[in-house]
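Read through the structures below before going on.
Next, two complexes with chain A in common: one pairs it with chain B, the other with chain C.
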Partner chain A sequence: MSVAVMKTKAETSLDEDFQKLRDRLPGGSGVLAVRNAAHQLFAERGLPHRRIEEWKYTDLRNAMKEALPVSIGDETPVTIADLIVALGPFAHVDAQRVVFVNGNFRKELSSVDAQSGVSVESLADKLEASGDADSGLLGEFGEGAPDDDVIVALNTAYSTDGTVVQVEPGAKIEKPLLLVYMRAGREAAFTAVRNVIEVGAGAEAQIIEAFVSLPGAADAGQANAVTRISVADGAKVAHAKCAADHGGQVTHLGNWAVHLGKEAQYDGFQLTQGVSLARHQIFVTFGGENARLDLSGIFLGRNNDHIDTTLVVDHAVPSCESRELFKGVLDDRARGIFQGKIIVKQIAQKTDGKQMSQALLLSPDAEFDSKPELEIFADDVACGHGATCMELDHDLMFYCRSRGIPEDVARVLLIESFIGEAIEKIEDEAVREAFTASAVSWLAAKK
Partner chain B sequence: MLEIKNLHARIVEEDKPILKGIDLVVPTGEVHAIMGPNGSGKSTLAYILAGRDDYEVTEGDILWNGESIVEMEPDERAAAGVFLAFQYPMEIPGVAGLTFLRTAVNAVRKKRDQDELTTPEFMKLVKQKAGELNIDIEMLKRPVNVGFSGGEKKRSEILQMSMLEPMLCVLDETDSGLDIDALKVVSDGVNALRSPERSMLVITHYQRLLNHIVPDKVHVLAHGKIQRSGGKELALELEKSGYAEFSEKAA
Partner chain C sequence: MAAVESTIEQVKEIDVDKYKYGFETAIESVKAPKGLDEDTIRYISARKNEPAWMLEWRLDAFERWKTMSEPTWARVDYPKIDFQDLYYYSAPKNTDGPKSLDEVDPELLETYNKLGIPLKEQEVLAGVAGAKVAVDAVFDSVSVVTTFKDELKKAGVIFCSISEAIREHPELVQKYLGTVVPKSDNYYASLNSAVFSDGSFVYVPEGVRCPMELSTYFRINERETGQFERTLIIADKGAYVSYLEGCTAPMRDENQLHAAVVELIALDDAEIKYSTVQNWYPGDKDGKGGIYNFVTKRGDCRGANSKISWTQVETGSAITWKYPSCILRGDNSRGEFYSIAVSNGHQQIDSGTKMIHLGKNTSSRIVSKGIAAGFSENTYRGLVSAHRKAANARNFTQCDSLLIGNNCGAHTVPYIEAKTSTAHFEHEATTSKISDDKLFYCMQRGLSEEEAVTLIVNGFVRDVLQQLPMEFMAETQKLIGISLEGSVG
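Showing the complex of A and B:
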């Protein structure tokens, strides 16, 4: 029994915004019914708070006191030159771009090659065009992922747009697909976007999500992003996300639901920097044997940044392999959280799962909380996890400085060395360099 | 010129005195060797010259070209020309050797008011110097010293040294771990740096190295003090007699 609690200011304003805006959101009446149901779930439960086990380190109800006005039909002028600036190192990746500004698709900034076997569409266009046939794009979070997550429900209710990608069996996306979600303009806004990516059997795709902001954008922003990705039998996907903002009061609520077929291979990566409040939820379900998951990430926090990565990996079938490596660098009073749950179902014999989280604390006031959880019901498995907290290596610092490298440069070098192990997981060299450059720019930005 | 005057030093953490009044002068252009039993304080002296803050100078002074360097940070000393080749070079995972070298070389050049090297200039220089030391350039694309053999690490130290063009070279047991051919290559590398402007302090346990790098003087460090100094023949004498003489003296 949940006791009715007073709605917070944020909850009230999100509720009111929905009543006001729902008729303007893309989709027909079937889609609206899905949105209404999701909104109902949110209205009943409210924002998650610390008494909910999965949210004990991130009291969102308390941290997100106010909700910014929901962005809909945004028309902030943005040029290609602006886009290049906002993309920073990601501008150098030779990619097809699908660009959204404040949650709205911008065709004139996008460049998608026509390729047989591959379709890339705006979610809003698709919902508008198909009437109710595509309401499932919003209705389902992902096979195996929870269907009552409040943050996902909030996304379902409000999604203005997103990218729908379909790769037919055997096809291969030629160039990486770069999905750009940009904050721009002086209006601080709440945006909700949703991506649905389906990679057919034996197909290959490389997808990058970049959540960036244009210099001069409002100091505050709130984003709720959902990506559902299914990797069919024998398909191979590299999926990387960068949530890189410029420091103000920026909240990022990210949600990935990944479903892997037989012999599928999925490499996922996440970088978070310059975001004051982040919660990344990643749900992975193994749906076929001999699939491989390699998930890694880097979170960089300073000032009062709070970055939470919570993942659930469900080994629901035998003989799959999962690897997770998350590394955080925390300065000032920043706080990092890593919760990694690995479930091994009774039938999932021969599961091989290993998880590691590490944080480098640069200040005595920084904090890292790690909560690994193994729920193993099978007996013939190899599973392990570890978590460590460390400081910059004093001896290595001396070694660098004895070679004439000043302290600040040596710090950056040694932090790069620390996060390098996770970044190296990105196979594509150009993409890896973009992520490295992004992280390095954050490291060097310290006054 | 390096002048060490009545140097006393201790380990900060343990409050343990290690150096108990070292007096030593290495004139510009000279190469001096330091020998001495294990644990006598040779590496400690080398670290203190380079500015490691695990040690504290409690008395005395270190003058480099007439100025005290005791209060200087390690990177300032490097810019002033001090270089220590470590007895145990460290590994830096995730940082490519070339990146490390280039960062170091340009940091030092900047502080010395020299132009920073462009990528082609740097590559040309590093290829030439690595070639002289029989170091494969591919090895420098790997993270600094990670997975290197003992001998490879020592060679990589000497490469760093020749790239940074120091004026005071302190070599801490650079010969240990080197095979016979590598010893020759490394010694040639060190000898190539010998010049009338440069001073060198070579710490070793073996007279053999001093056949290749012939010192102007040899000092024996035991129990935190220079116990005896002499010409290069002192090394030969020690080879025969060992350090028994000095342990008695201390007792």
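Showing the complex of A and C:
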């Protein structure tokens, strides 16, 4: 049944904005051609809706009725003090910072150490420098990742800035790299940013993306963030992302494309809290044998929050290991979604894949939908997934209460231990503590 | 590796080249003209002396079917079916209704004997004293013989063909038909509603425990006929019934379409147990031929404390598209689904279940075991959902897949939807081959490799086998082709 669909208000305004703004977006004619092609894809398909299987539980066309004006060349005044406030617990992490405000790089707020073998640049600068050639930075989402994702296409069309990180083979980023994407100012805006991270053979890097907002920022915001990471043979990357906001009408559309080389190790983590509509897509492709993937995340929702995590792990080569652990806490009328697909190609013998998604429902009206998928074509594999959902264990609660712990304290304690299992996957202690503190602040914010 | 190979051998024996039920019986039959239009439906309805309301119901379903399109979401791949190139009705010629077994065409009886279906009472269960199985045998589309009617009548149980029920018990049929699987439910269910030829009807009255296991054997015989069975089982308050369905079909090249609908209704405190062994022709070793099996099976736990349990052993058919489901509407109702799906050759199985929790304190359990070999694709697709008002819904799901060989695929696509915090859902799925460690362990204890594999596979499907009625155990063992010493019983 193909029905001619009327363009929604959001689709129309994104379409018009692009026509108006495309000449102001960074990059020469080569980049513009890439943007035009991506915009064409978006214009044809529109926002994804529930009739598309992957978007069954997140009807974006319906949920994102209006698109906010696209932010270009934002100059909202922000001080270092503001940055510290916005960062919250992440301000305590001893890191190099690359700061963007409303999708625009702010040199004065950033602090990047010069280090040999490591280059950290703004995407806008790179695009401008590429002249009329297509820089390849926007053109490809990621090796092995889908090349026709509409949300990624939207990002390709609109990306104003982002971080381009290159780590030479054998080099190591000394201090964690904290990429800060801040929402500030009273103007509600749509921002699109793109990170391209290439970690050479045997190199090491720790990268944290923090999507935060300055207190007093507009109540609404829409962010579309894409990160492409390629981890070359034997390299080791720890990558974490925090999408935390203050509970306004904030939409976050995130995409990660991760490509792993031989014997590479990649640890990924995502925290989502205070975002009213979030969709995180993660695409991981194993490109070399004996690589190891450890993905985990927690999503915290209350009020009418809708948080969707959708991941695809593609075991395209033999002898790789993947682990996924996602935990959600859902209160009020919040809805959490986890869709995880493990693909094992025919040649990918000796694959070891385990996936787990768990949700804690705190309110009778909360909802958790899970679709863990296995798609297996090789026989010598050990793959499994699990999914559970339940309320707080009454026995555990009783135990705490009988030890004299007040109910609200016991509740936080139990939830903290529930999500702790996922946070513990973060190796760096300071980073782990920042994430824990952020999650705990969300738990404590309950009336 | 030898162990794996021997298992492949064993699985191979089930079907493919050695399909042991591949023979045809030369019996003349009466057919409706090829193709599907209103006239075909009128013809079927007239042949069966149906009342006007039934014809209207069929025509309405046909109208709806015409507006629908074939579902494409399942992981099955087959050439497009030309629905105008099929016969929609075929009946053995002498359908005047034999009064006893003696009047039945001897060739037909011979067919059943070859299949090992015990029509006569003394043959019901050789060696099992006291057990009785009533058989409503379906030869292509018309019920030919129904045994044990008298005994069932004494208990007040109505067990007859659906055509007879339409004539004799219209009030029951009108009340329940299409209430679980509506005529516009899905493409194949609508098609079935329009052209269903025959099937079984069971009504167990209030408080009656059906004195025997009821059973129907289906057999597709006539060339190029689609078979559209319609089964309706109603267990009134406090009743219990166990129903067995087993299928075999002759070998042939043309693909055959089968689109059955089964509706189960359990009222307060009632229990229905439905077991299936499906072993239709899966196609030859190149994937040519074989049955297309698009089945809609659904049970409605309509009353409080009711229970519906599905057990299935799927070994045949080129394409299996089948999701026996439970609607847990009554408070404290319970749904169960136990499945063994074995695919080999070029078979494609996309099967699973839906457990829809609507009432309070409902519980469900899903145990699915898939074994994929050869070039087959074996998919589990299931849904567990709890409605906002389904307080204390409980579900436990376990889907395990075993892969034998490197050209097959095993997939798991579960949907888990909890809309209330008191829902307690647990889902777990694994995919693996027979682990070398387990094999080593068994062999170290003195078992031969073959015995070890048998033991492990036996353990793998054991949870489900235990749910099968005794009568099906032997058949299932044969079908799976793997001996099950020790665990039976």
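Everything that follows uses one rule, which is that the second predicted complex is superposed on the first by the 440 of 447 C-alpha atoms of A that agree within 3 Å, B and C clash if a C-alpha of one lies under 4 Å from a C-alpha of the other, contacts with A are read in each partner's own complex, and residues count from 1 in each chain.
FYI, contacts are C-beta pairs under 8 Å (C-beta built on N, C-alpha and C of every residue); 3 or more make two chains touch, one makes a residue touch a chain.
All of these numbers come straight from a predicted model, not from anything done at the bench.
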Under the stated touch criterion, which partner chain does A:Glu424 make contact with: chain B (first), chain C (second), both, or neither? first
Dominant toucher of chain A (residue count), chain B or chain C: C
Looking at the overlay, what does A:Gly404 touch: chain B (first), chain C (second), both, or neither? first
Once the shared chain is lined up, is A:Leu396 touching chain B (first), chain C (second), both, or neither of them? first
With the two structures laid over each other on chain A, which partner does A:Phe377 touch: chain B (first), chain C (second), both, or neither? second
Touching partner for A:Glu108 - first (chain B), second (chain C), both, neither: neither
May I ask you to decide whether A:Glu416 touches chain B, chain C, both, or neither, giving the answer as first, second, both or neither? first
Across the two complexes, what residues of chain A are contacted by chain B and by chain C? none
Touching chain B in the complex: which residues of chain A? 394-396, 398-407, 409-410, 413-414, 416-421, 424
Contacting residues of chain B [partner chain A, same complex]: 50-54, 73-75, 77-79, 83-84, 86, 89-90, 92-95, 99-100, 103-105, 107-108, 111, 143, 160, 164
Residue positions on chain A within touch of chain C in the complex are 1, 53, 346, 349, 359, 361-391
So in the complex, the part of chain C that touches chain A is made up of which residues? 69, 73, 388, 391, 401, 403-433, 435
